[in-house]
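Each of the two complexes below includes chain A, the first together with chain B, the second together with chain C.
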Partner chain A sequence: MCSSSLKAVAASILLTALALAACQREEREFRSKSMADETEEKVSLVPLSPGPSGPAEQRSGTAKTYEENAYQIAQGQRLYAWFNCNGCHGNGGGGSGPPLMDDMWTYGGQIEHIVQSIREGRPNGMPSFRGKVPDEQIWEIAAYVRSMGRNVPKAAAPGRRDDMSPGPAEQRRPPGQVIDGGQIPPSAQMPQ
Partner chain B sequence: MASAQTDPPHPAVPSFAASPGDGQWTIPQKNYASTRFSDLSEINTENVKNLQVAFTFSTGVNKGQEAAPLVVGGTMYVLSPYPNILYALDLTRPGAPLKWQYNPKPASAAQGVACCDVVNRGPAFANGRLFFTTLDAHAVAVNAETGEEIWKTKLGDINRGETMTMAPLVVKDKVIVGVSGGQFGVRGWIEALDVDTGKSIWKAYSTGPDQDVKIGANFKPFYDSDKGKDLGVATWPADGWQQGGGTVWGWLSYDPDLNLVYHGTGNPGPWNPNPRPGDNKWTAGIFARDADTGEARWFYQIAPHDLHGRDGNNETILLDMEWEGKPRKVLVHPGQTGFVYVIDRVTGEVLSAKPFHALTAATGVDLETGKIQYSSDKEPVSNRVIRDICPAASGAKNWNPSAFSPRTGLLYIPHVNLCMDWGSTEPNYIAGTPYVGAEIRMFPGPGGHMGEFSAWDIREGRELWTINERFPVWSGALATAGDVVFYGTMDGWFKAVHARTGEVLWQFRTSSGIVGQPTTYRGPDGRQYVAILSGVGGWAGSIVSGDLDPRDGTAALGFVNAMRDLKNVTAKGGTLHVFKLP
Partner chain C sequence: MRRAAPFLLLAVLPLAGCQGWQSALDAQGPAARTLADMFWIFLAVLGAVWGLTMIALLLSLRRRRPADADPLATNPETERRMIVTTSIAVGLTLVTVIALTGLSYAAQKVLFARKDGALTLLVTGEQWWWKITYEDSQPNRVFTTANEIHIPVGEPVLIKLEASDVIHAFWVPSLTGKMDLIPGRQNQIQIQADRPGLYRGQCAEFCGLQHAHMGLFVIAETKEEFERWRDRQVSSATPPSDSHRQRGMEIFLSKPCVMCHQVRGTDAGGKVAPDLTHVGSRRTIAAGTLETTRGNLAAWILDPHGIKPGVNMPAVKLEPDEVQPLADYLEGLK
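Coming up: the complex of A and B.
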C-alpha cells in the first residue's frame, strides 16, 4: 500500500498522509548492506572554521532514514544492549561512559557524529567498533542513541520497555536539544 | 564505657604491626595488619574542636580522590586519580610547596574500561621508593627523593578490560599488585614483582586450573567445599572461568610471622548468576598465600556462586585475640555480604560472622560448613525483577577501609545502607566491554539514610554506636591514640568523632565530597597533622564526577537511582586538605 501510484492519487486525503508517515516510520530494507559498506558522511566536530561560511560538510541524507524510522531505532535499541553499550552508558544516564540522554555532546550530537564515535572510537575511552559491528547496525544504534534525548520524532521513539523501568520511555521524554562540544572530560587535560 | 573486670582483654594489634611511634604514614594501611591506627595523640577529644586548616593543595584532577596521602620524613606524597600524577610536597617549608611531580602518562583509552570512576587507592612507600599502579595496568617505581622513574612494567591489557586501581603492598623484596576489571569479565590475578626491576616473580590467577591459581600440596582450606582438584575449572560451566572475574583490586595485608599475604578476590563474571552454575571458585573470597612463592595456603569463599555482585576485596585487619578462652591470630573482614567475618588467619576457619547491615539476601553464615545461607526468594531469575535485595550490589561496604583502635578495641566501619531491585538480562561476553547481565536500581535501606559510620565490637559481633549519614559513607576511617576517629562524607564534611561515644567533636566542610582515606602524621615541626583528599567520585559518586543523568535510575550500575540528589550538594573536586591545632 506504499506504492507510488497510491501516493499519486491520494495526496489530498489526510488519512493517506498519515498512512504515508506511518510507512516511512516502518520502512526497511529486507536485504542488509554488505559488511564492508561504509557511509561517508563529512561532518566536522566544531562550528568554527576560518572564513565566513563555517565548516564544509556533506551529508547524504542517510540520517533521516534511520532516526525517523521506528524500525531502525527499535533495532538499535536491541543492538545497544547486545553490544554491551548499556554496560558503560546505562540506559542513557551513563556510568563509566558519559550519559547519552542529556544535551551535552563532547564529540557532537548529530547522528553522523555518533556514528563516527561508535565507528572510530574517541580518545577518552570510547572503543572503536569498526569491523566489529556492521555499518548499518552502527547507524541503528546511533539512531537509538538519538532517541534517548528525544532528538528523533516522537512517533519513531521507543515506547515503554518490558523489563525493569529505568525511567520514562524515550517516547514520553520531551523533545531534546543538542549542545555540541559541551564538555571535555576534565581528566583529559593532563596538568603540566 | 567502664568495662567489667571479667571482660576478656581487647583484641590486640600483632607485635609486627605495633606502631613504631615515628609519626609517619608510609602505606595506606598504615601497617601490615591494616589497622589504620596512629599512636599520635596531640589531637585529642578535648582539643580537636580547634582544628584548623594548615594548607591545601589541588591535585589538578576532578575525579574521585580515593588515595591516602602518605608522609615519609619531611615529604608528603599525593596520588591523583587518572592520569595518576604523583606529587611530592615539602613539609619542611611553609605551605608545603611542591617538590616534584611525576606523570606516568597512562593511556587515555583506559578510562573507557574503568568500571567505577578512574580512581586510585594510593601509593606505597618502601626502601626509598614509591610504588603505585596506573589505570592502564602498569606498576611503577619512583625515587622518593627525586621523583625519577626507576621502572615501569606493563601488567595488563586494556583491550581485555584490565585496569589497575589498587595500592601495592611491598613485602620484603617484592611489590605485590593485582588487577581490576570484575565488571569486564577479566580473569583476576595477583602478581609479585621484584622491587628493584619490576620483573615478575610469581603470578596467581583467581580462576582456572590449580597450577594457575598456585594451589598445590600446601593448600589446606578449612572447609570441605574448597577441597578437590581444579575447582577453579570444575565449579564453572565449560570455559566460564576464562572470563570469570575474581579480580584482585582491593586491600592486602601481610603477617611476617606466618609469611602469609592475605588478599580478596572479586565478584564472578558476569554478575547475573544464571549462566554460571557452580560455586565459581575462587571468586568472592579471601586467599592466604605464601609471600615468597604465591602458593595458596587457604581460601574462604564469602559468596559461593555469588548472586548479587559480592566481592572479597574489602580490607582484612590482622589482630590477636582471645577466642573462647584460647589465643587466636585472626583476620577481621567487614564483608560485602553484610557480615563482619572473624577468621583464624592460620587455618581459614570462620570463628564468627555477624551482620552489620540490614539483610534480606542472606540469613546467616553456617559456621559448620562456612557456607552463607542465601534467601532463596532473592535469587535472580530470568525475566523477573527481584525487589528489595539488601545489601545492594555495592555490598554492605565497599573498598573504603575500616580502622581499628587498640585503645578502645573497636573496629570503626564506614559503610552503606543500601538495597536494590535487580532484573537479570542476558550477558554477552565481548572482551573489553562490560560483562554484567543485570539491571539494577539501588535505594536507601531501612531508615532512609544511605550511609553509616559504626563502632563495632569484634568479639560480641555488635555495633556499639553508629552515625547515620544521608549519603553512603565512601571514605576510609582513621583511628588515633587521641581517641579521635576521622572520616568524611560524600556531601563534603570531614568529621572528627569521639572513639568511645561516637559524638561528633568537630567537622569541616571541604571543597567537594569526600571519598578518600584520612591519614595523620607528625610534621617536621613536631606537631600532629591530619590529611584528607576531597573530591567526590568513585562508583557511588560517579553521578557527579562523571556528570551522569539522574533520570536513568540504572545508570552507574544502578547507583544513580540512590544518588540523584548528590549533584545538589556537591560539585567535583580534587583538593588535599591538611589540618592541625592552632
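Coming up: the complex of A and C.
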C-alpha cells in the first residue's frame, strides 16, 4: 500500500519534471542588431575550385539564428509583402522574377547566397537593396524565402495565413532540396 | 474604526483616477454619457441590494435560537411570515432584473444608433499604431495620418474599424465604449464630442508586445479649426527652405525610411508605416509613446527597440552628423 502510493508520487513528480522540460522557449532577440555593419559572408556561387579541396569559404554563423527561428521567418514573411517582393516573384511561384519555392537556384540557394542576391542585386532585374533594407531585415527575408521550399525546420516555418492562399502553408510543404546554379534540378529534367 | 481607516482610504483612492483625459466616468459625448449613467444606476441599485442583504444577514446572526428549543417544532405564524417575506424578495429581485435589463436595452439603442454625419474615417489597427484615413467624396481630399484623430465638436463622426494583422480594439473612454478591430472584416462605431478637448484612447485588446504603447488621441475642436487642420493635412509637405533641413530631407530619402514611410510631395511612398507628411504637427510619435520633439525624434530613430522593444521600426544606420538634420527635417514637417 505504502510502496504503491510512493510509486504514484514518484511517477507524478517524474511526469511534472518531463512537462517542465518542454518549457524552454525559442530565443528571441528584441533589440535589433542592424546598427552594426552588414555581416561579411564569403560564400562562393559554385562548388568548383582548383586543387583537391572545394572553394575556401567564410561564414559568420548568423544563418542558424535566422533560418531556425520562427519569429525571424515570420518577420521575413511580413517584410516580403511590405517591400513588394510579390511584385516580381509572386507568392514564391514567380512572375517576371524567378520562382522561389522550387529547387532551382540560379545564384545559390543557401541563406548566405540569398542574402547576397537581395543585398547586391542580380542581373536582369533584381534590384540591389543595400542601404535600403537594414541588414537584419535582409536576413529575415532570406530566411522566409528559404521557408518557401521548406528548406528550414518544420517547426520554424510559417503556419496557415489569415488570407486566402493558393497552396498549403510553408509548414505543411514537404521538405525541399537545394540545387545550386549550373546544375539541372530534378524539377527541370525531362521525364524519362 | 482606526484599523479600518487605511482600508477605507485604499478603497477610495482608485476613485481619484476616475477623471482626466482617459476615463469612462468623465463622459464627454452622448455614447460615453449613456455608459456612465448605466454604470452609476447599476452601482446604486446593486449597491442598495447588497447593503440590504448584508443588513438582513447581520440581523439574523444576532437573533439566537433559545438553547432548549426543539429544532423540528414548527410555528404556523412563523411559516406564513417566511413565505410572505420570501415571495416579496423573489418579486423584488424579478422586478430589479427586468428593470435593469430594460435600461440596458435602452442604452444599447442609444449606443448603436447611427446619426447622419458629414465625416467618415477609416481606422486600421497595426502592430502597434493606428492608421487613420479621412474619407471624402473628392478623391484628392482623402488623406492618411496616424495616431491622432481630429473631429469637429458636436458632430457625429462615423469610424470604420479594420485591422491588418491581429485583433485590436478601439477605445476612447471619454467618448465611447470599446469596439474590436478584426482582420478581414469591418466594424463601425460612431463618436461625438460635446466639448472641445483632448481625449486619450488606447488599444483595448491584447495585440502583442507593445499593446500597452498603442495609444491614440482624439482632438475635438471647433468647426473652423477642424477645417483649417484638414486643409493643411490634405496638402503635400512643403520642401524645406534652409539648407540644413534640405540635407535632412536628402538623408531621409536615401535611407531605409522610404521603404515604409510616406511623405507626400517627395519620392518616399511607403504605405506600411505611419504617414510622415505632417508628423511635426502631431502631438506624439510612436503611437502616443513620446512627445514630438527633436530629441525624441532622434531617440526614436536611433533606438526604437530601446523605447518599444519588438517594434517593427528597425534601428537604421546613420552617421553621427546625419541625426541632427534628419530630426530637424521631420520636426519641420508641420
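Worth pointing out:
We take it that the second predicted complex is superposed on the first by the 152 of 192 C-alpha atoms of A that agree within 3 Å, B and C clash if a C-alpha of one lies under 4 Å from a C-alpha of the other, contacts with A are read in each partner's own complex, and residues count from 1 in each chain.
Rule of thumb we're sticking to: contacts are C-beta pairs under 8 Å (C-beta built on N, C-alpha and C of every residue); 3 or more make two chains touch, one makes a residue touch a chain.
Predicted model only: the values in this text are computed from it and were never measured.
Of the two partner chains placed by the overlay, only chain B lies in contact with A:P123; chain C stays clear of it.
In the superposition on chain A, contact of A:G94 is made with chain B only, not with chain C. By the document's definition of touching, neither partner reaches A:S53: not chain B, not chain C. Of the two partner chains, both chain B and chain C are touched by A:F83. Of the two partner chains placed around the shared chain by superposition, chain B is the only one that A:D102 touches, whereas chain C remains out of contact.
The wider contact with chain A, measured as residues touched, comes from B rather than the other of chain B and chain C. Judged by the touch definition given at the top, the superposed model places A:G131 against chain C, while chain B stays out of reach. With both structures placed on the common chain, the touch criterion links A:G167 to chain B but leaves chain C unconnected.
Counting contacts as defined above, chain A residues 82-83, 163 meet chain B in one complex and chain C in the other.
Chain C contributes residues 165, 183-184, 209, 254-256, 258-260, 270, 272, 305-306, 309-310, 312, 314-317 to its touches with chain A in the complex.
Chain A makes touch with chain B in their complex at residues 81-84, 86-88, 90-99, 101-102, 104, 121, 123-127, 163-164, 166-168, 183, 185-188, 190-192. Residues 60-63, 81-83, 85, 101, 103, 105, 108-118, 183, 383, 385, 421, 423, 425, 428, 430, 432-436, 439, 441, 542, 546-557, 560, 572 of chain B are the ones touching chain A in the complex. Across the complex, chain A meets chain C through its residues 30-32, 34-35, 37, 75, 78, 82-83, 131-134, 136-137, 162-163.
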